[in-house]
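Just below sit the structures, each encoded as C-alpha cells.
Each of the two complexes below includes chain A, the first together with chain B, the second together with chain C.
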Partner chain A sequence: MNRAKSQRRFVLACLAPAVILVAIFIFYPTINVFKMSLFRMGAITNTSEFVGLSNFKTLMEDKNFLEAMQNTILIIVLVMICTIVLAILFAALLSRGKFKGKNFFRVIFYIPNILSIVVIGGIFGAIYDPSNGLLNTFLEAIHLDGLTHKWMGEPDIVIYSVIFALVWQAIGYYMVMYMSGMSAIPEDLYEAASLDGSSEIHTFFSVTLPLIWTNIRTTLTFYIISTINLSFLFVQIMTDGGPNGKTEVFLNYMYKQAYGNGAYGYGMAIGVVVFLFSFILAAIVNKITDREVYEM
Partner chain B sequence: MKMKKVKKLVALSLVSAMTVTALAGCGSKSNDEGGSDKSGDENVLKVAAFNGGNGEQIWKDIAAAFEKENEGVKVELQISSELDQDLTKNIKNKDYPDVVYYNLGQESGFTENMLKENAVEDISDVFDDELRGRLIDGILDGTDAQPYGDGKIYLAPIFYTPTGFWYNKNLFEGDNAKYTLPTNWDEFFALGDQAKKDGVSLFTFPQAGYLDATMYTMLEQAGGMDFYNKALKYDADTWTSEAGQKVLDTLGKLVTPDYTQEDTVANANADGGFKINQQNVIDGKALFMPNGNWVIGEMAASTPKEFSWGMMPAPKWSGDTTQAVYMFTEQMWIPKEAPNMELAKEFVKFMYSDTVVDILLNNTTTNKETKETTPAPIVAPVKGAADKLPEGTTKDVYAASAAEDVVSVTGTWATTKPIEGLDMKKNVYGAVESINTGDMTVEDWQNQLVDTWKKCADNME
Partner chain C sequence: MNKHKKPGNIVSKVVIYIALIVLAISIIVPVAWVFMASFKQNSEFIGKGTNPWALPKKWFVQNYQVAFQDAQMGEFLFNTILVTVLALVLILVIALPAAYVLSRFKFRGNKILNIIFMAGLFINVNYIVVPIFLMLSDWDTALGFQFFLDNRFILALIYASCHLPFTIYLLSSYFKTLPRGFEEAAYIDGCSYFKTMVKIMIPMAKPSIITVLLFNFLTFWNEYIIAYTLMDEHGTLAMGLKNLMAVERTATNYGIMYAGLVIVMLPVLIFYICVQKRLTEGMTLGGLKG
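Let's look at the complex of A and B:
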C-alpha cells in the first residue's frame, strides 16, 4: 500500500514539470488567444475593448480572408497529395530498389529540409526570375519558349510556384519517415511475395503500403499543421501574398492584420479560426483514413 | 533495489534540472525589466531612432550636440533597424522612450498603429511662430504632420525629400540624348509608344506601394489642393469625381503591359525583387520609375560610373499651369507616456536648429563591403537648407521642386481607428498589379476605392 503510494507520488513528481510547462507555454497562450479574439485591442499599447463575437462576424464577410482561406486549402491539398506520392515513391525506391548511390540520394533528398527558408526563398527567386531565371532560360535554351511564364507574376500560376517550392522542401523529411516505416517490414514478407510470383509493383501495393499505413496516417496530420505554418514562411519570403492577394495565406493575413493594420484582436480571431480549422481537418482526415491495422 | 533508488534519484534530479532551466529563462527577463526602470531619471532623454539608410553616426552626432547645448542632460540612444519590434516589446512592458524617429508608411505600420491607439502626444506647442517662420511653407499642414486632420500637430517632419519619376539623365540630355523629357501625360505616353519601338518600356515601379507619392501628386494635379486635402480625409466623392476619374484612368493606362515593363509585377513581390525593378531603369529596360533620392545610395553598388540620375515630377495634364511635386517627409514623435516630456519637446525643436541642419547636410554613409565613404546629405525642412547642398543630382532635385510654378504636396491618407479586415495597401495600390495582369479593370478599382473610402470615413477619429 505504502509502496503504491510512493510510486504514485514519484510519477506525479516526474510529470509535474512537463504538465506545468505545457500549461504555461501551450494551454495558457491558446486560451488567451481565444479570449483576445473577443476584444478590439491595439497591437502596441495595452488598450482593449470587449466586442463579443463582432470580430468573427467581420471575418465571415472579409473577402481578403476568404481568399486567404481558399489559397490555404488549395495549398494544403496539393502539397499533401504531391508530397505523399513523391515521398513514398522515393522512399520505396531507396529502401527496396537495387542501385548504386542510394545513400547519396538519401542525403540529396534531405538537404532542402535543413536549408533555412531564406535560402530557399533565394534559390526559388533565382529559379523563377522572369528574365534571368533558371527555369525560363532553360526553357528558352531547349526551344520551348512557349512554356516560359512569369512564374511569380501571373495570377493563375503564382500559387503553383509556391506549392512547388513547398513540395520540394517537404519531400525529404517525409521520405525519411516512410523509409523508417519500410525498413521495419520483415524481409520474409517480401520473400514470400516473390515466391508467390508477385510483381514489384503488386508487392508495393499489397505489402509495403498496407504495412506503413499507420505511418502515413500520422504524417497526414503533420502535413496539415506544417503546411499551414510553412506556407506562411514561404509566402512571406517569396511573394508576400502578391500579386494583389493571389498567394495570401491564413497566417500571413493574420500577421498583416494584427501588426500591419493594428487590429490585434481581429488577428487573434483569425488565429482562432485557423486553430479550429486545422484541428477539425486533422480529425476528419484521421477518421476517414481509419483502417484495420496489419500486424507485422 | 538499490539500483532502483538510484534510477529514481537520477530521474528526479533530471526533472528538477529541466524545471529550473526552463524557469531560469523567465527569471532573467524580469531582471532586465528592473534594470531599465532606472532611466526614469530627470536628465536622461531616451531617443529611439530607426536605423535606415542614413546610418547610425548621424544620431550620435545629434545626441552629442544636444548634450553640449543642454548641460547635465544625457541622451540615451536606442538605434535599431527593427525599432518597431524593439519598441513594441518595451512599450508593452511600460518602458516608453521619450522621442521616436520612425516614419509613416513603413511596412510594419508602427507609427500608424501608435496613432490609431491614440498613444502619440500632441506637440503643436513646439511649433511656435518663430519656428514656423523658419520652416518650409506648408510642411506642417499635411496629414503627415497632422495625422487626424484636426489642426493639431502630432508628427514632426524632420527630413524631407522631393519625389517623382527617376530616369537616366543621359537618355534625355547631352550629346547622346535619345528622347525629349515629357512634361505632360500626352507627351509621356507618346514617349512610351516611341520607346516601345526601341524595345524599351516607358515605366516600372519597384513595388506597388511606391505609387503612393505618384497618386498624391496626381490627385493634387488633377483636382487642386482643396480636393487633395479632402481626398486624404476620405471624402466620399474622391474617386467618382472628374478629377479622381482622371487619376485612375491615367494610372490604369500607365500600369498596363503596354507601358509598364513586363517583369515589374513578378519582381515586385519577391523578396528583394524591387531592386531588380530599379535596376531595370539603370540597365535601360524601362525609362521611368517612381522613387525618392534614397535610390541613388540604394543602387550605388550596381550603378555604372557614367550613369547619371535625373528626376522629374509626375507629369501634369496638358493645359495645367502649375506642377505638383510630392514631398516625402520623415517624422519624429513623442509617445504620450514619455517620461521626460519637456526635454523631449526641446529635442524635437533642436532638430530644426542650425547645428542639426549642418550635421544632416554633412552626413556620410559607409559601404559595408568596400568601406568606401560617400556623402549622403539629409535635408531638414528648414528654409535655405537645400541651398547648402553640394552641386549634383540631389541639389538639382531640391532646386527644381522649389521653382515658381511648383506646388509642393505633403501628407498621407488620414489616420483612422483600426478597421478590422481592411488592407489599405492592397485596396489602394495592390489593385495596380491586378490591372497589369488583367485581373481587374479600372472600374473594379474605382469601386473598391469607393468602398474603402466609405469604411475609412466612418472610422475617422
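Let's look at the complex of A and C:
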C-alpha cells in the first residue's frame, strides 16, 4: 500500500519537469503556430484580429511564396538524388572495397556534418567569391576560365550553388547511415555471389542495394524533412533568399514574414502549410517506396 | 578471389581512389584554407595580383587579437561555453529520470506520455522559434522589464527543452535493453526508488549517456537560429560569427572574419577528432537527425 504510493510519487517527480518543459517550449508554441495562422497580427500596433482562413487565401496568390515553393521542391529533389547516389556509392566503396585508408576517408567525410551552418556559410563564401574565390581561381589556374561564374550572384546559378553546399554537408552523414546498414549484410551472401561469377557491380545491385532498402527508405523521409530545415539555415546565412528571390525557400520566407516583417499571423500560416506539406510528401514517398523487403 | 592482377581491377581501383580523393579534397582544402587565411593581412586579400592560394607573408596573429577583443568573440566564446554546459547539465538531469521511469515502470498514462514525447520528435525548432520569441516577449511585458529574452540561462533551458524528446527517446530505448533483475534486488536490499535509479540504473546507462552528450554538445555549440532570434547582447559564437561575417565583409577585413571562423570551428574539430569513433557508432544507435 505504502509502496504503491511512494512509487506513484517517484514516477511523478521524475516525469514532471520533462513534461512541463516540453509542454511550455514545444507544444504550446506549436499550438500557437496553428492558432496564430487564423489571425491578422500587427507587430507595431500590437493588435490581433480573427480572420479565419484569409491568410491561407492570400498565401495561395502570393507569387513570392509560390517561388519559394518551387525553389524548395527543386532543392529537395536535387539534394535527395545527389546525396543518395553519392552517399551509397561512397558507403559501398568504404565498406566493401579492399584498400588502405578507409578509416581516414570515413573520418574526413563526416566533418561537414559537425560544423556549424554559419561556419559552412563562411567556407562557401570563400569558395564562391567571384574575384578571389577558391573555385574561380582554381578554374583559372587549370585554364578553364570559361567556367568561372559569379556563383552567388548570377540568378540562374545561385540556387545550384546552395544545393551543392547542402549536398557537401549531407554526404558524410548519410554515408555513415548506409554503412551501418551494409555492415549488417552477412558475408556469405557476397561469397555466394562471387562463386556464381557475379561482377562487383552486379553484386552491388543484386545484393547490397536490395538488402539496405529499408535503410534507404527511412532516409528518404529524413531527406525531405531535414532538407526543408537545412535549406532555411543555409539560405538564411548564404543568400537570404537573394538575388531577387531566386533562392527563397519555404521556412526562410516564413521567418522573414514573421520575425522580419512582424506579420506573425501570415508567417505562421506559411509555417502550417510547410508543416503539412512536409508530412504529406513524406507519407507519399513512404507509400510509393513500400515494397517487399528481403529478409536477412 | 585472385582477381587482383586483372587490368580491369586496377582501373576500377584507380577510379575508386580518384572519387574518394576528390571528395576528401573538397572537404580538407577549404577547411585548411580558412585556417591559413586567418593569418593573412588585409592587403593579401584585396586587389589585383593577390593569390588566394599563396601562403601568408607572415603569420599575422593580430587577426585573432582583433576578433577576440574588438569583435567580442571572446565574450561570445564564454557565452557559448556557459550556455552549452548549462544546457547539457539540464538535459541530463531532466531527461534521465524521465527516460528511466518511462521505460521501466508500469503506471497509468505511460503509453500516452510515450506518444507525446515521440510526437515531439517531429516538431522542428525552426517552426516554433518565432512563437517562442513572442511568448518570451509577452512574459517580459507582463513582468515589466526584460528578463526572459536575451537571457543565457533561459536560452540554455530552451535548448534543453527542445531536445528532450530526442534525448528521452534515445535514453529510454537503452534503458529498455537492461535486464530486469537489478531493481528487484536493490529493493529487497532496502534501496529506495530514487537511490536505485541514481546508484544502480543510471551508471549502467553510461554508453547511451555519452552518445546523448556528444550529439547534444554539437547541436548546442553550433545552434544558430534560436540564439539569433532570442539573444541580443549576450549572443553566442555562431550568432557573433554571422554578425562578424556581415560586418567584416562590407569592411573587407577578411583576415578577421576567417579568424572568427577558426574560433568557432576549432573546438568542434578537436572534439570530433577525439570522439569520432563513438560519434559515428552512436549515430546508428540514434538514427535520427534534428
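Simple rule for what comes next: the second predicted complex is superposed on the first by the 261 of 296 C-alpha atoms of A that agree within 3 Å, B and C clash if a C-alpha of one lies under 4 Å from a C-alpha of the other, contacts with A are read in each partner's own complex, and residues count from 1 in each chain.
The criterion applied here is as follows: a residue touches a chain if its C-beta (ideal position, glycine included) is under 8 Å from a C-beta of that chain, and two chains touch if they have at least 3 such contacts.
Being a predicted model, the structure only gives us computed values, none of them experimental.
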item	value
Partner chain(s) touched by A:Tyr259 [first = chain B, second = chain C, both, neither]	both
Larger contact residue set on chain A - chain B or chain C	C
Which of chain B and chain C A:Ile212 touches, first, second, both or neither	neither
Touching partner for A:Phe222 - first (chain B), second (chain C), both, neither	second
Touching partner for A:Leu21 - first (chain B), second (chain C), both, neither	both
Which superposed partner A:Ile237 touches (first chain B, second chain C, both, neither)	both
Partner chain in contact with A:Gly125 - chain B first, chain C second, else both or neither	both
Partner chain(s) touched by A:Phe10 [first = chain B, second = chain C, both, neither]	both
First (chain B), second (chain C), both or neither touched by A:Val273	neither
Partner chain in contact with A:Trp151 - chain B first, chain C second, else both or neither	first
Residues of chain A that lie at the interface with chain B and also at the interface with chain C	10, 13-14, 17, 21, 118, 121-122, 125, 237, 259
Chain B partner contacts - residues on chain A that touch it in the complex	10, 13-14, 16-17, 20-21, 40, 42-47, 55, 58-59, 61-62, 64-65, 118, 121-122, 125, 128-131, 150-155, 237-245, 256-257, 259-263, 265-266
Residues of chain B defined as touching chain A within the complex	8, 11-12, 15-16, 18-19, 22, 87-88, 91-92, 107-110, 112-114, 116-119, 208, 262-273, 276, 418-426, 430-434, 436-437, 439-440
Touching residues (chain side chain A, partner chain C) in the complex	6-8, 10-11, 13-15, 17-19, 21-22, 24-30, 32-33, 36, 86, 89-90, 93, 97, 99, 105-112, 114-119, 121-127, 132-134, 137, 141, 168, 171, 173, 176-177, 180, 194, 200, 218, 222, 225-226, 229, 232-233, 236-237, 251, 254-255, 258-259, 264, 267-268, 271, 274-275, 279
Chain C residues touching chain A - in the complex, by the definition given at the top	1, 12-13, 16-17, 19-20, 23-24, 26-31, 33-34, 37, 45, 50-53, 94-95, 97-98, 100-102, 105, 107, 113, 116-117, 120, 122-124, 126-135, 157-158, 160-162, 164-165, 168, 192-194, 197, 218, 221-222, 224-225, 229, 237-239, 241-242, 245, 249, 257-258, 260-261, 264-265, 268-269, 272-273, 276, 279-280, 283-284, 287, 289-290
